[in-house]
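Report on the structure given below.
Going in written order, the chains are labelled A, B, C and D, and every chain counts its residues from 1.
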């Protein structure tokens, strides 16, 4: 729980990954756009971090892809395609070799229908890569025990899914995401399933550190506009979290205007 | 349904109430703030319309209150305290006499526990006041048949409640609010019950024209910051609506990154 | 609130409509079955009341239809097809003339797309028919003010809809149905929209008096089995309401088994 | 997916655990009742399986406890108190030694606040105990990859939680429980969190094989009545699943009674 009046008043509300400080709480996926949309999307999203599947980097050549990504944006290669910890580690190594830097999003997926991450292999890969000096951002199925293991393995943050990837279903795991936010002392970045800005906003109101989205933007009618909508929703939710949400009444109602006695003074 | 590419590209996305054009889709209630917070709240909210209970105007003197409200903001006196159409009409007349202008939010409430609007008396008051030249904005319990009667009575918009006033419960009436948005050709402004920016954002994604909030901001820890959070959420939801939300998958998942075959070329 | 230990212990848990006492809390609609399924459905449902559209009675001849309905079941003709109070009253008169008895379900619908009841015309028809000695069961859009008017008009119960008729969407109006249950001193019978036994069960847990269903059963794969499933779910929900539901914990958990210290005595 | 017309028509709708066939789909927890309530609860619940924490057995003496449990009921000792696979295995051995039989519910919990099961240790314990001939019923955090590992480890069924134990919150994990039901070829028994009969009914409608409940009944106002309510709800949900639920309409409505043309023949 990092609500802090300084964060409101100083307007310096940042978070840290592997010693690097970030202002933007919106991490953009790139896997579903054509390259010429990436630049607009990153700019509208105000993203400082953008994911990149290594295969894409290989196919196009890193130099080529970097032409499309604004300066100063941190590349986050993912281990997409890995079915085991070993494969994930190998992909991370390749990514570092082709110049993607030290950040890596660990994805290990052996379920081909729902594409749900394999938590155990993810822990193993995280441990190996963290020891090698990577800034490891593990994508995981939200499970408190696993999140604790990832903390111990040296993860830089925890990236629980909201719902199966690409579905735009929102945060089906709300109850358990809230537990992670309450119990884990690393940044919690919700990744996968968020389909609408309102869902991103709600996740931030709950106290999430940041949001990653890809499909919601890639499947929108107008991609740069939707990227901008997500940016605003995430900032809004963060502000609401810092400001402190008002109480919810279970029963009854509470008048907004002074009701009682209104008509007496003029009632003649 | 007024989704329109011009609204996106020209950045001129306005709506009209009684011949007046507005850019801001956030109507601010004033009933629960101290006067010295009103100015900050209006500015952070970017509100162009602010409600005012007549009693408050009477008590403080209109001149006094206007000191607290930024120039160019339209005052929307409400008929808070009215239990019948007749009382609402009388309050509207008083409001016009003390210089509040032609806008009036009709509220007729005879239920003292849940403060739910009386739809039939609201229709009657709307009809009388619309004939007298008021720009009538009726607060109503969301009911398609009643909304149609309000259109026929000359309402300038429809203001259905999301949940009982002051509860911060969100849009408990989602199913029926959506029907109003789909079927009624006047601006639909969701009023009452919206407790979080994410809920305001969702209402806008559904196609609502604007949002009114009061309690959510008045009960927040930091009032101006929450006003700003609502402003951003409403603009975000509007953008998302205009951009066109992506499809939701019912079953399965859809990979964001190119998964298949990734490891083959490098697998040796 | 009629929870009563006698209702549990004596097993005599009845409710009253127009002076008639009923045990079964399941009212069956008949409009969507073929005639030869009605008997099985009524028997499996354990229904004591079954609705009947007058047109059907006219077409087939009352005598003929009565062949299909078990003895002792109360016929509840509805005013389906009425667009105004006047039409509803006329249909009720016809129903009485052809021998359908004094019960009438008032339905007045002028919205042809969502088939939502017109609350104002329903109040008018209820008042007229109640004065004429009918046992009036008005189908209504759930609205507390309207429910109070129906009580004053002489209704024998209130029949709020759960969601638009025939949709199987469940209780989209939960928040407001609960208000009716808490505030109105007549039987509350949820009618329209209930699509699954679990939804009927939940409505009963909330304190509803009875449930009416038709489409959920008519669109099931096996009609008599689904009728039986609804019967059990309604009785279950009623029992749960009478027994008193357990508290819900907001955060944390509570061990079901004695956890602490378990291993100490045997730990050597 | 085991929907089968024979299951409807023959009324022989059973499921199998470790070669034993059961009719009742309600497994009762015993941890929260006083001993003299157990008998009434089991009878009202129609339970054929009842859990038992070994500590309780030790304290009271097995012989004593068996006095309170109706003949023919299968005892299901759980490994409550175990924090590792090793501890769970030891408790299972003790249970067998004191005469509890071959069934064991594996619970491994190291999180003391939310009491969420440790999936990895659960897999290990399951593998060891299954090899030793136990009928292993593992309690788990719903995760498709883990469920597959449990199948391979020799589990007799999968027991995913609905929400943190003892909370009565219902099925917060609905999305992922449905995936287990659709993908796993063992009985799926929902355990923990189910707080109302309607929630048990819904789980069965989704296709769950059976339900386990404890707190919901122990915290009810009237324990035997609530046990009976759960029994009926579970049977109802099973019937609804077998009968085949009707379709849900997304928009619009569908008349239950023949509306069109009703008034023409008599309209003169």
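Quick note on the criterion: a residue touches a chain if its C-beta (ideal position, glycine included) is under 8 Å from a C-beta of that chain, and two chains touch if they have at least 3 such contacts.
Here is each chain with its UniProt name: A, B, C, D = Thiazole synthase.
Everything numeric in this text was worked out from a predicted model, so none of it was measured.
S.K.: Pick from B-C, A-D or C-D: which pair repeats the contacts of A-B, with over half of them the same residue pairs?
M.R.: C-D
S.K.: Counting only Cα atoms for the centres, state how far chain A is from chain D in Å.
M.R.: Their C-alpha centroids are separated by 35 Å.
S.K.: Counting in whole Å, what is the centre-to-centre distance of chain C and chain D, each centre being its mean C-alpha position?
M.R.: Using C-alpha averages as centres, the distance is 30 Å.
S.K.: Chain A to chain C: how many Å between their CA centres?
M.R.: Here the centre of chain C sits 46 Å away from the centre of chain A.
S.K.: Two-or-more-chain contact residues of chain C, please, as numbers and ranges.
M.R.: 113-114, 116, 164, 169 - these are the residues of chain C that touch more than one other chain.
S.K.: What topology does the chain touch graph have (line, ring, star, complete, other)?
M.R.: Shape of the chain contacts: a ring, since each chain touches exactly two and the loop closes.
S.K.: Can you tell me which positions in chain D touch chain C when the two form their complex?
M.R.: The contact residues of chain D facing chain C are 8, 29, 31-32, 51, 53-56, 58, 78, 80-82, 87, 90-91, 94, 107, 109, 113-116, 164-169, 192, 195-199, 201-202, 205, 214-223, 225-226, 228-233, 235-237, 239-240, 242-249, 252-263, 265-266.
S.K.: Which residues of chain D touch chain A in their complex?
M.R.: Listed in rising order, the residues of chain D that touch chain A are 110-111, 113-114, 116-120, 141, 143-146, 163-164, 169, 172-176, 179, 183.
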